[in-house]
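Labels A, B, C and D are assigned to the chains in the order they are written; within every chain, residues are numbered from 1.
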Amino acid sequence: MILMAKGATPDDIARVCDRVRQLGFTPHEIPGSVRVAIGITGNQGPVPPEHFQSLSGVAECIPVSRPYKLVSREVKPEPTVVSVRGASIGGGGLAVIAGPCSVESRDQVFRTAEAVAATGAKFFRGGAFKPRTSPYVFQGLKEEGLRLLDEVRQHFDLRIVTEVKDTETLSAVAQAADVLQIGARNMQNFSLLEAVGRLKRPVLLKRGMSATLQELFMAAEYLLALGNYQVLLCERGIRTFETMTRNTFDLSAVVMIKHHTHLPVVADPSHGVGIDWAVAPLARASVVAGADAVMVEVHPDPSRALSDGQQSLTFDAYRALAADLARLDAWRSG
Amino acid sequence: MILMAKGATPDDIARVCDRVRQLGFTPHEIPGSVRVAIGITGNQGPVPPEHFQSLSGVAECIPVSRPYKLVSREVKPEPTVVSVRGASIGGGGLAVIAGPCSVESRDQVFRTAEAVAATGAKFFRGGAFKPRTSPYVFQGLKEEGLRLLDEVRQHFDLRIVTEVKDTETLSAVAQAADVLQIGARNMQNFSLLEAVGRLKRPVLLKRGMSATLQELFMAAEYLLALGNYQVLLCERGIRTFETMTRNTFDLSAVVMIKHHTHLPVVADPSHGVGIDWAVAPLARASVVAGADAVMVEVHPDPSRALSDGQQSLTFDAYRALAADLARLDAWRSG
Amino acid sequence: MILMAKGATPDDIARVCDRVRQLGFTPHEIPGSVRVAIGITGNQGPVPPEHFQSLSGVAECIPVSRPYKLVSREVKPEPTVVSVRGASIGGGGLAVIAGPCSVESRDQVFRTAEAVAATGAKFFRGGAFKPRTSPYVFQGLKEEGLRLLDEVRQHFDLRIVTEVKDTETLSAVAQAADVLQIGARNMQNFSLLEAVGRLKRPVLLKRGMSATLQELFMAAEYLLALGNYQVLLCERGIRTFETMTRNTFDLSAVVMIKHHTHLPVVADPSHGVGIDWAVAPLARASVVAGADAVMVEVHPDPSRALSDGQQSLTFDAYRALAADLARLDAWRSG
Amino acid sequence: MILMAKGATPDDIARVCDRVRQLGFTPHEIPGSVRVAIGITGNQGPVPPEHFQSLSGVAECIPVSRPYKLVSREVKPEPTVVSVRGASIGGGGLAVIAGPCSVESRDQVFRTAEAVAATGAKFFRGGAFKPRTSPYVFQGLKEEGLRLLDEVRQHFDLRIVTEVKDTETLSAVAQAADVLQIGARNMQNFSLLEAVGRLKRPVLLKRGMSATLQELFMAAEYLLALGNYQVLLCERGIRTFETMTRNTFDLSAVVMIKHHTHLPVVADPSHGVGIDWAVAPLARASVVAGADAVMVEVHPDPSRALSDGQQSLTFDAYRALAADLARLDAWRSG
């Protein structure tokens, strides 16, 4: 990794990038508030600093020891802030992302969006294309679902977070979505990662059900290596031997992601635990552990939800939680 | 599930399928050697048998209790045989699938193919498109790799097993492949499953790294529900806490798949254990546990392999193993 | 389970217990603030309520559906409070348990005890008998360690929590300990559980490394079935595939234990995550998730600790954490 | 590790041991067929060979890199053979250990013992003291069970393998047992390991439910460090996310144990898979993977067994399996 001096010019940067390419490697300009860094990938083993030290504008050459590079705090110490139409995640305050598991009807999403917006949350979640274990169950409203999400976006001060399931539907989903969610089962769908990386749109990348944190970082690296730094990493529970909860919510992942990467962290306790009454304490815990955003499932009538009803909050439960989260956010900020 | 009488006519079958559609469900004709069964999917809860019992040619209505249906032995008691250009998997004898992890060069695949064919094996494996955890390592020779595999197919009595990574490259891969492999990371890539299901080509479906067997069966159900019954299920090790082996090879999966489904089982001890000297005993064990095929990685010079070198067999080790497997296959048959 | 009326006399209770014994089962008097319940164990399948309904003082007969009974909130809805020489765990406020992993020297424990007591914490932890994976490493100061703990108890307003490793040393440990800790590896050492259960001394029972919560509840049931209700349940991380942390701290366990049992919960983030800088955020999270106590490892010089140095807090880090925990405790109480 | 020359005298050995003790470490004489090795434990980091090279009878000093030492093949390349009253495990041929999970009655054990002995098996298993998850279920016949096992021993050419649960009952169990079994839940009950290590009786040590292989080796190291080399290591399934089987039988453990240690390996597919019809294929697989012994549960009437009925074989199923195992043993030997 090459750290440029504060006064380095665009020409200086271009010359360093050229030199990297001459060596057969790939340069990555890494955004920074005061100075620019240039990551090098494609090398095996260390690259001798002599290649760059004498170039104009180069401040320092720093070897990066881990397999993940562009996501690493070693390479970019300042936290990344993902900004979405005036609302941001990662800048210090807590963002709340709420909404139903699946988009089911106009009435359902509008009533939920109203309840969500009323708490001051700026992000609305809802799935139109649903990856489901069984081919015989509800797979989402698909294009109709996207249309409804787009309506929500126009009626409320809410940004849409929705899942993209495959490259075929990517451009349609990208029109309705402010943030493209890549689901746990697709965390290592590298073709999808590359297609989304090229779009340069904000991405919420969920940790795979049995992915190590290093694998999550490497999956994000696919996005950053294509120049997309607008990436949120999401902990949503991992698969273990325990059966009393749907998954095992790994709160230490929130702490590890904050420490090792510069990317914002989203906690998803709804999938993490899978039981409605257990969502609130884990959501609160995520805030004091350092999460930049909390994502929860909310439904007007959880018992009739077409998916994930057992882990969705009622409006009342959601409102109580949102108030708690705001108080804890104030607590941790001051 | 509706079991037709032996003498049922095509008209009888069509009438039953129409009745299923009238009820709002989907009928599936299930191939059988002497009589036809019709699976019903799309229903929630049991379908009353009265709808069908009086129709001509109907022998019996059998409720299927599990979430997987078309893959189940309840629905199709006879084992499925997957036939590929004169060689079959599932018919009783053992099939051997061998070859390198990745296609690296013409010389590499031809030398390996020669060694594989010489042992009497009928299937050659080799990856052209490689899903890799890191974006910075060898990702396969891609189209060039497919071209080399096609050459192997023309020079040897070998059928090609190669991985399809995404729908974009599916038609190209399908031209070079006799058997389309869906990798562990893609087991729940439902869009890819659907695209492959529609192709009606033999498929080798690998169990996901942390997929339960029921999830594997449901993933196969996506293929069968689209009319593709040419499906092989592959155990390749699961992720556990143990670190001395790359994965934990779950041999009981071979036994469970044979018991609960009618599909042939492939054991992949190379990925299962990840250590060259441990492959042979686990391959042998797979045969006596009932595997229909064993898939192993072989390389002319494992220490120089571009991927998976530490688990690849030398030609000598492969030949010794192939001889052992043949003896054990004879043992279990008689 | 038989719920007695508020005015039930000791004679009423004795008569019910006699009837239970006549049926071949075991009665358990369950302490309650206003009325007494009598649990029945030893039965297979439900016990018909007619046996008891006509007896004097019986209010209600309630079937208990789960395999754990005496620990269950179904049987005892009020939370249990464990009182230890004037300090209590479970009564609402947060208890802090802090100290070194192992007792190493008089100087080490006294300096640490001073730092711990100065923050207002009422419980001191420290191991004299250490179960260690390898026979070749430090196994604790043993009797000498107990002696030092006893000195700490006499010099400070601190209650001693220390591990009992086996029945041979139980009576010695019980003399120095205010709370007997049963370690993760001994959670299903049923002989030790029975010996400790008979002692009727406060117990801190750690969840086994790969124990399900139901198994933890059943282990506690061994203690309660012998009449010992002074039991704390402790989450200390479970074993998963993740390697970036020592264990996976299962915070949802805190929520589940509070919901399903009446016993106080202790969170041990030090073992849960195994990395010093990650202990504080997880400790804070445990408070807002509902833990009754937090247990952390503290050492005068973690880099020289004879065990668990990498997860021990310095005095400064501990003091900062203790202040945070106090503020969060106030937050959750009001 | 110090390897003595072939002609080394007892005095030479004694002198080396003295030198080890002078350095503050512990010497271990390791039995070998032609020459003696002396292991050193208690050291931290390497011991300089100069201390020993000049001593009479010393052939070579070999550094041992792994945390397990005495169990390692580095230290003792020849396989250990455990001999029990004329029958051995580890010498090349396959040993069969069969019998019920629990001793339930005289009739039950005698009928089972007769069936087991009739197949030529030399070892009988059966539990008198049963560690059970719940305090409310059958805990074994205890002393009465030991008495029945002792009768079996006197009436049949069978050696008794039975579990020792705690140090309190160790001497009683040791009188009835030819081989002391340490159960999975006690694998890291170090006090029990030390007590059993001192007895110098053959031990069957089961791998803990979530123990890594390295932890299993370290637990065995406790036994060997006390001079007890008569140790069998047993794979009995590990805990994973899969729920279709009781545990996940880790057959690669058999291969790893044989490779890294000199101790004989016992495969226990009954606990490994937990389903009667799946035991036979996994037992057969264990033989071709290299197991020295196979242990299976057999019961006159599995549906009425007081424990583990669902995984116990009927006499007929057992006889068929025993015949298969004998054929496979012949196969692998020639």
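The rule is short, and it goes like this: contacts are C-beta pairs under 8 Å (C-beta built on N, C-alpha and C of every residue); 3 or more make two chains touch, one makes a residue touch a chain.
All figures in this text were calculated on a predicted structure; none of them were measured in a lab.
Q: Any idea whether A-D or A-B has more C-beta pairs in contact?
A: A-B
Q: Specify the chain most distant from chain C by Cα centroid.
A: In terms of C-alpha centroids, the chain at the greatest distance from chain C is B.
Q: Can you give the whole-Å distance between the Cα centres of chain A and chain B?
A: 34
Q: Need the CA-centroid distance for the pair chain A / chain D, whole Å please.
A: Taking the mean C-alpha position of each chain, the two centres sit 49 Å apart.
Q: Please output the residue numbers of chain C that touch at least 2 other chains, ranges allowed.
A: In chain C, 210, 239-241, 243 touch at least two other chains.
Q: Enumerate the contact residues on chain A facing chain B in the complex.
A: Those in contact with chain B are residues 41-42, 67, 69, 131-136, 165-168, 185-186, 188-192, 209-210, 215, 218, 221-222, 225, 239.
Q: Going by the contact rule set out above, which residues of chain B touch chain C in the complex?
A: Chain B residues touching chain C: 210, 239-241, 243.
Q: What residues on chain D touch chain B, complex-wise?
A: So the residues of chain D in touch with chain B come to 210, 212-214, 238, 240-245, 248-252, 254-256, 259, 272-273, 277-278, 281-282, 284-290, 327-328, 331.
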